[in-house]
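Common to both upcoming complexes is subunit A, partnered first by subunit B, then by subunit C.
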Partner chain A sequence: MIVIGELINGMYKDVGKAIVNKEADVIQHLAVDQVKAGATVLDVNTGPYSKNQKDDMKWLIETIQGVVQVPLALDSTKADVIEEGLKLVTKRAIINSTNADDAKMQTIFTLAKKYNTQVIGLAMDKSGVPNSKDKRLELAATIVAKAIEFDIATDDLFLDPIVLPVNVAQTQGTEVLESIREFRLLCDPSPNTTIGLSNVSQGTKFRSLVNRTFLAMAIANGLTSAILDPLDKELMDAMITAELILNKAIYCDSFLEAYRKK
Partner chain B sequence: MIVIGELINGMYKDVGKAIVNKEADVIQHLAVDQVKAGATVLDVNTGPYSKNQKDDMKWLIETIQGVVQVPLALDSTKADVIEEGLKLVTKRAIINSTNADDAKMQTIFTLAKKYNTQVIGLAMDKSGVPNSKDKRLELAATIVAKAIEFDIATDDLFLDPIVLPVNVAQTQGTEVLESIREFRLLCDPSPNTTIGLSNVSQGTKFRSLVNRTFLAMAIANGLTSAILDPLDKELMDAMITAELILNKAIYCDSFLEAYRKK
Partner chain C sequence: MAIEIVKEKYSSPINTVEIGSGAKCVKIGGETTLPFLFDEGDMPNAPVVALEMLDCEPVDWADSLKAAYGDAVKDPVKWAVKCVKEFGAKVLCVRLQSTHPDSGGKTAEQVIPILKSIVKEAGVPLVIVGGGDEEKDNDVLPKVSQALKGENCLFGIATQDNYKTLTATCLADGHSIIAESPIDINIAKQVNILISDMGFNPARIVMHPTTTSLGYGMEYVYSIMERGRLAAFIGDKMLAMPFVLFVGAEVWKTKEAKESAAAQGVNWELTTAIAMLQAGADLLIMRHPEAAKSAAKYIAIAMEEK
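What follows is the complex of A and B.
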């Protein structure tokens, strides 16, 4: 499982403040803690309070790379902000994200090719998030086709069916879970799949419970990656156990500890 | 989800002792507690210490029915013990179980027809538990075919792919999960599916975690019933949440409480 730590995101108040005030220690603690907890990639998003996203992205990357050496997922709606970041990364990056709009894909896959990155592809377009599995599959197939046009390996894609909050879009849980299963069959080699996990529990009362239950269900459907909070220990326990059940790690009595020591 | 409470089983020491000594209060507490916790069916198994299984089965059923009115799953390898029980049940029962052996099916489906019961069908035969999804599917199909021969409605079947402990049969997790998905497609109306959940964590260190993670994964694959310990609150929380995600219950902020009040 590719675990993309979600916590370095300026939309969280403390992180937003740390970015504005250039408090390196706040960011570096988050980087180290997430990696220690099992994140294999760190998402980097300057967030809505940033006055200069390019500079803030550069500062974040340098600050993070000062303490951990893991791939970064550069998370911005602006291609020029992402490109500034791509010039600095020391490990192969993930662009977060393109959608299925042609102009957007053109821009993002051009960058991906130029900087040899992986790409998160959101199964949505100008008309928004689809409300069916079939529409999600159609948009995912559009992204795969464009990636192939750019000669990008299909397993360098992370297809994201777009998780919606269970409290407002309850019919979408099944659609998303089945999409994950079907995305894997779109091409060979299979694309990776990812989800912005925390979204499923937005506004609900038992967030961690909803998150970890959904994650186990998604892993049962073939999910290979998720953007999540690796500091949620119970969530990580569920993830480690789900992967154990699918025989992705060899059983030992202390399998939780063994995973974390890896 | 049809929750079959597993605790009234003489293989548990305290229960075995209660059966031998006819301690009705022990059994009745277990019956009431399991139903309060969300069990919709109670499994009844006299266990290995029973000296007279027929009498003990009768005593258990009368004792349980003295305090709760729920369907019972009569759990014995002996058809005559099951038949003694079937004469006494006040709600439509489940026979636990037949396998795919022809003689066994003949006996069990004859009883099922005579007493109008539902039946748990284990995807195994004389040669034991299969080690592949395809073999499980073949045996499940054999059971479905025989049920149809007996004019038993296919949704009165509970097909069980046989869960094995993750610590000794790690490759079987995926086979079982995929079997659950495929069993549902065997006939119309779809058969129910069930698992003896606790078996997956047998001998492991984190039993509840393994159980609840496996259960969420199985529900994602279409599981409609499980034999489990309803007194494990975290397990039930995971089950309720998984069903919520699949839109089987309407979301409300207090969805855990709402389920339990039902």
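What follows is the complex of A and C.
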């Protein structure tokens, strides 16, 4: 599994504050802790409080790269903010994200080609998040077709079916799970799949339990990556166990530890 | 239409383990492909054949096997020298048989001078395994290990239930270690984790997946080795260790080898050795010098394709 650590996001209060006050140690701790806990990629999002997103993105990347060397997922709705970041990254980055709108794809895939990045493609468009598997599949296919047009390898795509909170959109759980399975069949090589996991438990009482149950189900449906909180140890344990059951690793009594020794 | 041959490319190599010190040190492991598939990856180090000897005269060895060494079996130092000078062994495996309570129960103090002489006279890297009595091995091996500090030997044998003493000893004295499992990939991985949990460098572990002879379930070992290798190649660091196989000891237990003409025993050992090479063996511990010589020749020919 490609684990994209979600915690460096200005939407969280302490991170937002750290960005405003340029408290490098807060960001660096989060970077190191997430990587130690098993994140293979770190999401970087300046968040809503940022007054100058370009500068903040640059500062975040430099701050993170001062302590860890992992690929970064540059998370912004603004292409120019992402591009500023792409100029600085030392490892092959992921752009987070494009949707299925033609103009957006045009911009993002141009950047992806120019800076040789991977791309997260959200199965949504101007009209919002689809409420059926079929519509998600249609949008995902649109993204794949556009990527091929740009000569981007299909396995450099991370297709995201858009997870919705279980307490407000309970019918969407199966639609999302089935979408993940079918996204994998869209092309060869199969695209990667990803989800913003924490969204599923938004507003629920037992967030960690909901997250890890959904993650295990998504992995069983072929999920290859997720944006999640790697510091949730039980979540990571569930992920490791799910992959073990799918025969992605050889069992031994210390299989959790074996995974973490990788 | 031309048929395109599918080639696998793997991301993670097997660890390279060095045995011995100085100019005669040998390296095993380092593969990035299944055995001898040079179109798919590399084998930077050819598999190595070691000759196995005891630290005392063997009592239960087949006559045809003993005869190959003549009177040298009466004196371990002469035996060691014969293995190296006459039979060209690049590595020696010394089994401390004499320390086993059923074979005389010698103390560490009694065998250390013999081993030191072997180091001096034979001058090749050593694999040292205990006599097979856990309690006695845990007493003898730490002292032997300390006496051979700096020789960078390969010591055995650590198992899931008995690994702590030997691991601590090898860690302190700078030796590599053999981790054994009973034809069980899960336990193989577990032993490697247990040993590395003690702070032992995983890149100094050599795995013994258990050896079986031709005709006695060799194919189970083969499939376990292949499974371990494939997992290692895609990134399982806890299975990325080279394999050692005690081919000689296993084969010369069988009635097919023991109770027939010498040639059959030699061929039995050689056939088992070749199968293990094709399964991914990095270090073969063999007993009959003729079988060892032929196995080495087989390796040389197979490596020519490189």
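Keep this in mind: the second predicted complex is superposed on the first by the 262 of 262 C-alpha atoms of A that agree within 3 Å, B and C clash if a C-alpha of one lies under 4 Å from a C-alpha of the other, contacts with A are read in each partner's own complex, and residues count from 1 in each chain.
Following the convention adopted for this analysis, a contact is a pair of C-beta atoms (placed from the backbone, for glycine too) under 8 Å apart; a residue touches a chain by one contact, two chains touch by 3 or more.
Note that this is a predicted model, so its numbers are computed, not measured.
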**Prompt:** Touching A:Ile250, do we find subunit B (first), subunit C (second), both, or neither?
**Reply:** both
**Asked** Who does A:Gln170 touch here: subunit B (first), subunit C (second), both, or neither?
**Response** first
**Asked** Where does A:Lys87 make contact in the superposed view: on subunit B (first), on subunit C (second), on both, or on neither?
**Response** neither
**Contacts of A:Lys51 with subunit B and subunit C, given as first, second, both or neither** = neither
**Message:** Applying the document's definition of touch, where does A:Ala258 land relative to subunit B and subunit C: first, second, both, or neither?
**Reply:** second
**Request:** Please tell me which partner, subunit B or subunit C, touches more residues of subunit A.
**Result:** B
**Message:** Can you give me the overlap between the subunit B contact set and the subunit C contact set on subunit A?
**Reply:** 250-251, 253-254
**Complete:** Per the touch rule, the subunit B residues reaching subunit A in their complex are 166-167, 170-171, 173-174, 177, 200, 204-206, 209-210, 213-214, 216-221, 237-238, 241-242, 244-247, 250-251, 253-254, 256
**Residue numbers on subunit A that touch subunit C, as the complex places them** = 249-254, 257-258, 261-262
**Asked** Touching subunit A in the complex: which residues of subunit C?
**Response** 185-190, 193-194, 196-197, 227-228, 231, 235-239
